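Please find one structure pasted underneath; my questions will follow.
Chain nomenclature is as follows: A, B, C and D, assigned in order of appearance, with residue numbering initiated at 1 for each chain independently.
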């Protein structure tokens, strides 16, 4: 394993300790060290946003906690859900009197624990709503789109819903923005190598040099197909075609495009992929409102990339452009 | 090779094409596609800052072109200097009437080409000054510190000098800030894997799993020592000790700390390293003004990390905190 | 004389459950390795530790005490089964909130609430080949036996028999949900790990430790 | 009658230089592989292509024409040697700016300016085992021969002999600069690739193509 850590058992707590040491003005612990909230939480009179999920995907999830985005995040072990109580801890700390919106990826353990946390929060008279992210078109067909996994597309929902909440909107309004954003968001990824969970110590699957798995999930869930690695332009075309065919935007639509690296893929390569995606997007008569090229949702040291496209209307475009300040993401 | 590209010969031009497509409002080409400048260049009445060097290190170099940092960058092939004429192209386009400061890393080819560009620019009555970055303590002893390589520490000079220029300072003043910043900046890295130049197609050297090379350069230049991979805390201690012993700050000094990933190392691991570095820095009676944890200067898909520490005075601290907006770096 | 459980009996039951989960951990891991990610034994051990720690503390309100045992389990195990077991305990506790002793009818009500809670939590259906296919028949059997006035020992035996029968009936089927759902066809003929855990757990609660 | 070079002669010289660099590219690569990164042959070929393209165009001001040849070379080759060759041509051109024909004394002056330019550009010293150890003796020999009024053909022969002697004198030494400087001890006894290129280049300019 070509990695830096101490003890696999303290991998996540060491990481969180380093994170709060690095950004003491921005982030704070809850009662539980797996609960991370804005240092100024709760923001009174604002709808609060929370997310959560397994570690190993930075900046997803806790990297988006900050002004203009999320208020808190419950952090699980690597690729494992946090507990309901950790989520409840976050929920309590960020609640500013206007309710809490959960936005998180569609994984069984996360859903069950967030649901449990919701029940417990409601017993404390905190109103909680949930919007589940299911943007990965490779994980299920359009007929069962609600079964899809949640991947990098969640970042767009964090941004738009976060900006709406920062602007003073109600829980209904913030929830509606998150849903509207995700209704227009689709993703697909391609992996060129596995990654290693420190407590396991070896790759969860094999992927030989020169192979690629189109549609692989961010924990190594099997993809649509394993093939010979193709040129960047061909890979970009595969991803863009799958995402755009499913999203089916109308000519003239404005979109945001995210070319996301999974971990070990250099930014240089991502720009080479983006170049072709941009051409394809414009070739379909769409205009790119904003491009996001870099690491937004990762899988440790996995080599690979994912493409996310989000259809925008005027309000969503304005919310994407609104200011945000987190340790991992800034806008405006 | 687990990488995305089309033709090795067009690796850099494809990358730059994608980059300018992604950030058309921020970046523009010069006459030569290897010359990248702020879209609003030249900024009249401001000292202009330029850098340059080989590709393969994003965000170094061109990722720091933008408001509050650099005005332009000449981009060479992977790990190869750009040409003098490309540098001259950048120099001409960014010159706003108050002179140009070159800040770049101490590599033979870069130095010669920037010197040549300087001579040519002076024939066109553009005043050019040069500050060379030589922050890597592993590359030469303190007795021949001017021979050291330039690595991630250059980012601090880009930031402080860029902020000083944005505040309207003279070429003398901006040059002095860059020099003062670098006089207090030291770095050292550790590599866990090699990286691959696309046109070469195979790693430039071997580094087996379970080995680490302390002090390796960002192009794979040999380091101080090849050893068995140690725990994150031990690695952090090695780096921090080497950097701090050379810098020799006084107790009570304020510092900025950069825990930089070389490419394939997950951000999670960087925070685990940072945690220990933070303890050591505070243990020496220093206070951390600001931490930078992430990828600031990379070597393609190399696994590894580098530590940079920069001693600050009040003015430098203020310049670090001043606003900056580039596609890869934002502040304030 | 009605049979009834006080706090001491509940603590004993938790300890028996913990011992059973720990004792069967390796077998549960083996079963989960075939159809899932092989962490069910780890979950079982973590939950066992949490239950033992909880049993070391007392409580007046048995409902709250049992719900808190669920919370304690979830705190250490946020996997699917950890969450389902926590939910089961929380729901079971909720229906007897305020009680200082538990009578057979309440026990039957608790198991039904637990099954219902698991179903709501996991949004699976009976026949999807999950723990639901063991716990629902068990809850129904317990309710029927208690309603018919049969002694608790016999009612417990009928409960566990029903759970085991449910487990075996779905073994030939294909898993349709969770990680095993991705394995598809190859799950046919393999015991569902969650069902196996359910039988072990109910048997220990009923004092039938040798039952598998 | 003084010997002198016009634009046609300069174009011919550039073409001879290009042909020689191309012809020796593989040998230069081999030499650079032993002590450096093995790209010197690539640089030589790229420079050769640029010189041929430049030779296809004419120019009135020979100084500017030769300086522009250097710029053209740098445009395609930004490696150490590409930059040094470009600098050499630019400096050589500068000292004859405005000339439409070049006389022997000017040629000698040009070679000295070229050597001086390389030294300033690379900040190396004689004895560091670089191209400087070939080009400086060559420039001195040319100047002496021209000063003594010897015919240009003989002066050229003396120039190339001096370059080769300089190259051979540093071969036993250890490289102290550039990539070869990192290789250290193992460079002792190996020919410096830059010196080898210098001999080839000067020989071709002097019309002594067979000289190595």
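Note that contacts are C-beta pairs under 8 Å (C-beta built on N, C-alpha and C of every residue); 3 or more make two chains touch, one makes a residue touch a chain.
Every value quoted in this text rests on a predicted model; they were computed, and no experiment measured them.
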item: Greatest separation from chain B - chain, by CA centre; value: C
item: Whole-Å gap between the CA centroids of chain B and chain D; value: 34
item: Chain centre separation in whole Å, for chain B relative to chain A (CA means); value: 29
item: Separation of chain C from chain D, taking each centre as the mean of its C-alpha atoms, in whole Å; value: 86
item: CA centroid of chain B to CA centroid of chain C, Å; value: 58
item: Contact graph of the chains (line, ring, star, complete, other); value: line
item: Those chain pairs that satisfy the touch definition; value: A-B, A-C, B-D
item: Of all residues in chain D, those that touch chain B in their complex; value: 71, 74-76, 78-80, 82-84, 86-87, 90, 121-122, 178-179, 182
item: Complex contact set, residues of chain B against chain D; value: 76, 80-85, 108-109, 112-113, 115-116, 221-222
item: Complex contact set, residues of chain A against chain B; value: 1-6, 11, 14-19, 21-23, 55-56, 58-59, 63, 192-193, 209-210, 229, 231-233, 235, 259, 263-276, 278, 291, 293-295, 298, 300-301, 303, 305, 328, 330
